[in-house]
Amino acid sequence: MAQLLNDPAEAVPDALRGMAACHPDLHVDLENRVVRRAGGPRPGKVGLVSGGGSGHEPLHAGFVGHGMLDAACCGAVFTSPVPDQVLAATKAVDSGAGVLHVVKNYTGDVLNFRMAAEEADEEDVRVETVLVDDDVAVTDSTWTAGRRGTGATLFVEKVVGAAAEEGLELAELAALGREVVSRSRSFGVALTACTTPGSDRPGFDLAAGEMEVGIGIHGEPGRERVPLAPAREVARTSVTAIADDMPLDGEVLLMVNGMGGTPLLELYVLAADVRAAVEERGGRVVRALVGNYVTSLEMQGSMVSVCRLDERLTRWWDAPVQTPALRWGR
Amino acid sequence: MSAVGGTALDADAARAWVRRFAELVQESAVELTDLDRPIGDSDHGVNLRRGAVAVLAALDGPDAPATAADVLRAAGTTLVSTVGGASGPLYGTALRRVGKALVGVDAAGGPELARALRAGVDAVVRLGGAEVGDATMVDALLPAVEALEREVAAGTALPEAVGAAVRAAQEGAESTDALVARKGRASYLGERSAGHRDPGAVSSVLLLRALADALGGPA
Amino acid sequence: MAQLLNDPAEAVPDALRGMAACHPDLHVDLENRVVRRAGGPRPGKVGLVSGGGSGHEPLHAGFVGHGMLDAACCGAVFTSPVPDQVLAATKAVDSGAGVLHVVKNYTGDVLNFRMAAEEADEEDVRVETVLVDDDVAVTDSTWTAGRRGTGATLFVEKVVGAAAEEGLELAELAALGREVVSRSRSFGVALTACTTPGSDRPGFDLAAGEMEVGIGIHGEPGRERVPLAPAREVARTSVTAIADDMPLDGEVLLMVNGMGGTPLLELYVLAADVRAAVEERGGRVVRALVGNYVTSLEMQGSMVSVCRLDERLTRWWDAPVQTPALRWGR
Amino acid sequence: MSAVGGTALDADAARAWVRRFAELVQESAVELTDLDRPIGDSDHGVNLRRGAVAVLAALDGPDAPATAADVLRAAGTTLVSTVGGASGPLYGTALRRVGKALVGVDAAGGPELARALRAGVDAVVRLGGAEVGDATMVDALLPAVEALEREVAAGTALPEAVGAAVRAAQEGAESTDALVARKGRASYLGERSAGHRDPGAVSSVLLLRALADALGGPA
């Protein structure tokens, strides 16, 4: 629970000040807690807005920039942003071509983004929404809140972001985003819990030698507590859960994501085993990303995310991106 | 000062309701967050407290709302704008709908109040899609408004009728202990969500209790 | 001490397998534990070799690629590589233009690289060495082991790497590397300790509400244990220690580095305060890097590194780089 | 089998020395790592154990070295190639130098052995630049070789002379308790390094003890 903060209640605005201090390419609207590209909306380009609770950094603000998001709305830690923030971001990035909301499937995110979209509609900004619900740990059903949006959010933001730069229209981008979602699955485990700033204890207590499997990205416990397993088994459990839900044949993009506090050394150990497990299932890993990208504060653990690529998706994945956390091609 | 002895919800009583809710939320914030820890993301109390502080500020000042309808709409709008998460839009919209149902009503008696509360609870159900038994705030809110309707229809005096609603809410909240959640974050836990009380159901009891306190006489 | 590993004794080779599995641009020599660019040496270009103990990831293997290192030698966790590894890397990347060793100033690293350099010399490979010793927590003196090489290693590898792509010669690159070192300083703090794989306990025990200041990057305790301070004070302590050693006027490159387990949210909070502290001292932050780049496994904490830029250094810092962990411009 | 009663270091005794050192290192690996924890990076025992395993392997097999010089040079080379850190090059080079000094000597008596050990310790000093009092392995090694030289000059029998060297090494290691380190990782701690025994000094005692054991009779 050792945290490098000033006032825990001000962690989010303080961090946004840090982003402003270190990324001249970004414009940080401290009042609305919205991070945008410094340049403003490019005429004719659909605006891409995402956001959610803070504590998942670099998601989302770290993905604002050329080839990815136009704006990110930063809620309190693990709490979706409010409609006012989303509306402000939406209006700021609309060039007239409309705005796509990329929303992780949580009741709070869904409701707050939906209210903002309705208000935007009243102000004549066209909005479409892509819901990300890639987490196979949760059994899907129309009677429940459905699956959580987790690692695949990065895939959607990257691919749709690249397509938006190419000039695709709002409806096309929404369809593309939904296609990425339908081709993506994730599964996570926690080796330690995390503590929300201002809280006096972690979200759960794990004894030495235990782990939580089937976790989300909000420091919540998972579907099950089991004995700590070697990386090889974590890989097998994760890939099996994914493959049981979506066949893994063909070319895939693989993300071996750390939950925030897991060192890269361990993530690479896991990555070797995950790749082997994916290939055992018939998948061919043609693109891979290893690192802490979609996180739960200082939690140790991993999330395996897979996206089944096709030629278009691969091209958009490879397209130039220039954000604080993901950058290549320019 | 509030209306005499709680026979109706006028502007002062609406203000007292909202204030009392804000007070209760602040008092219970740690408890609400603790309830959210094992089955959620440990923020329900933090979220509502942030809203409570903002609501209290919105009730004062030069543009303070003047009618019961405006008080509740302002409170709802403030919650929507400050709470975030699932509970912000749900409680915020609920209060806005309650306020909307009271437009033009100077002092809402039992029937008007029951109708207004029903409008608020309906909004929660419509937005969130939860039914009774899903282990959400709906498990407290819906029995509460049903009890209020029943008592008002039976001619019970308002404070007593609201008292019945509080008890129904409380029982509803308790009923979530045994449930496997089907909505909200707790649903992600599957079977593991059973054995825990839903934090939103508990804060909903506070909303009803605040109303009872506001109608019980001058705050 | 929850670790995502298989056999702790095999953590380094297992992680190298993961790098091989995820980075087709890299060639991983598992026998020598050397990571190289897949393409092999470019004729006429000086080879750039670094390395050290593992556990500092992404340093060094994550910095192999165009515009940075040609090869990284991966020792056991927190243990310098042996001469055989360094010699293998050196010979593999020599195109005839010679090889520059970037060595962090630790007795082990210095001795092992020196023995390799002597052997390389016997095999007619010209080798020059740049020693990085940027850590101001250690009082420098000819009677001691001197200062540790820490965050500035990244600066040296990036700047010299860019200059090497431009065709500078071995002696010029060595001089440039030394210049970067002379213009760079670092200071770190630890909020938690870390545990070497295979060990049953962390390097030190910190009670809640304590921190170690003046740490290195090997999980060792620092110069002093003090009460946990807010980010603002950590920033002030770090920048004061640096500024007391090197005036901070003029344009500077700033790295706010996490020790591995510190979430980005906290690093950005710190970054705002560090930037302010640097500017109070008269420095102008014109380039900034925030993230976990030079780490101690899962340790929570921060390291502030500063390099005083000039027009050439800025240009080489901005030059294209394409490595797993640092990538821009291509 | 070793030379009779430890009157000289021949190939068998050299093998016994190296083997015994490897054994002692493996037995003490945890202790050595624990000593390295408060003032270093918790790996001294891990490093030396890795080397010990490799050295034992190098002593066997078809290309096993045949002379005392070759045994020690092979052991040194193996340590350099497998240990890493500060101790790998230091111990490895030291043993290589000891071996080099024994080239052409079939069975080293006191003077030859003292000269060879001196060459090894000189290499450590030259490579690492440490002096007695800096809190490193030199604090054990230098007094040990001085004691050996003294005793050999005084005509003491080899096993006893080496016994004196062991005692000197042990005292030297103990002397590091009080010292503020000036070399090695412990030096980074400044004043905080005082109050801890240097792990390399302790492993140096093992090196001397292994020699004494090898010369005390057949291993």
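For clarity, chains are labelled A, B, C and D in written order, and residue numbers in each chain start from 1.
One rule holds in what follows: a contact is a pair of C-beta atoms (placed from the backbone, for glycine too) under 8 Å apart; a residue touches a chain by one contact, two chains touch by 3 or more.
Everything numeric in this text was worked out from a predicted model, so none of it was measured.
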- Note on the structure: Sorted by label, the chains bordering both chain A and chain B are none
- Give me the fewest steps it takes to get from chain B to chain C if each step has to go to a chain it touches. 2
- Task: Would you mind pulling out the distance in Å between where the CA atoms of chain B average out and where those of chain D do?
- Result: 77
- Centre-of-Cα separation between chain D and chain A, whole angstrom: 55
- Averaging C-alpha coordinates per chain, one finds the centres of chain A and chain C separated by a number of Å equal to 29
- When the C-alpha atoms of chain C and chain D are each averaged to a single point, how far apart are the two points in Å? 32
- Note on the structure: Note: chain B residues in touch with at least two other chains are none
- Task: Any chance you could list the residues of chain C touching two or more other chains?
- Result: 77
- What is the shape of the graph in which nodes denote protein chains and edges denote touching chain pairs (line, ring, star, complete, other)? line
- Using the touch rule from the top of the page, what pairs of chains touch, sorted by label? A-B, A-C, C-D
- So in the complex, which bits of chain C are touching chain A? 1-6, 11-12, 14-23, 54-55, 57-58, 62, 77, 191-192, 206, 208, 211, 228, 230-232, 234, 254, 256, 260-273, 275-276, 285, 288-292, 295, 297-298, 300-302, 322, 324-325, 327-330
- Message: With touch defined as at the start, can you tell me which chain B residues reach chain A in the complex?
- Response: 33, 37-43, 46-47, 50, 80-90, 93, 127-128, 182-185, 187-190, 192
- The chain C residues in contact with chain D across the complex are 53, 75-84, 106-108, 111-112, 115, 137-139, 143-145, 148, 196, 198-199, 203-204, 216, 218-221, 223-224
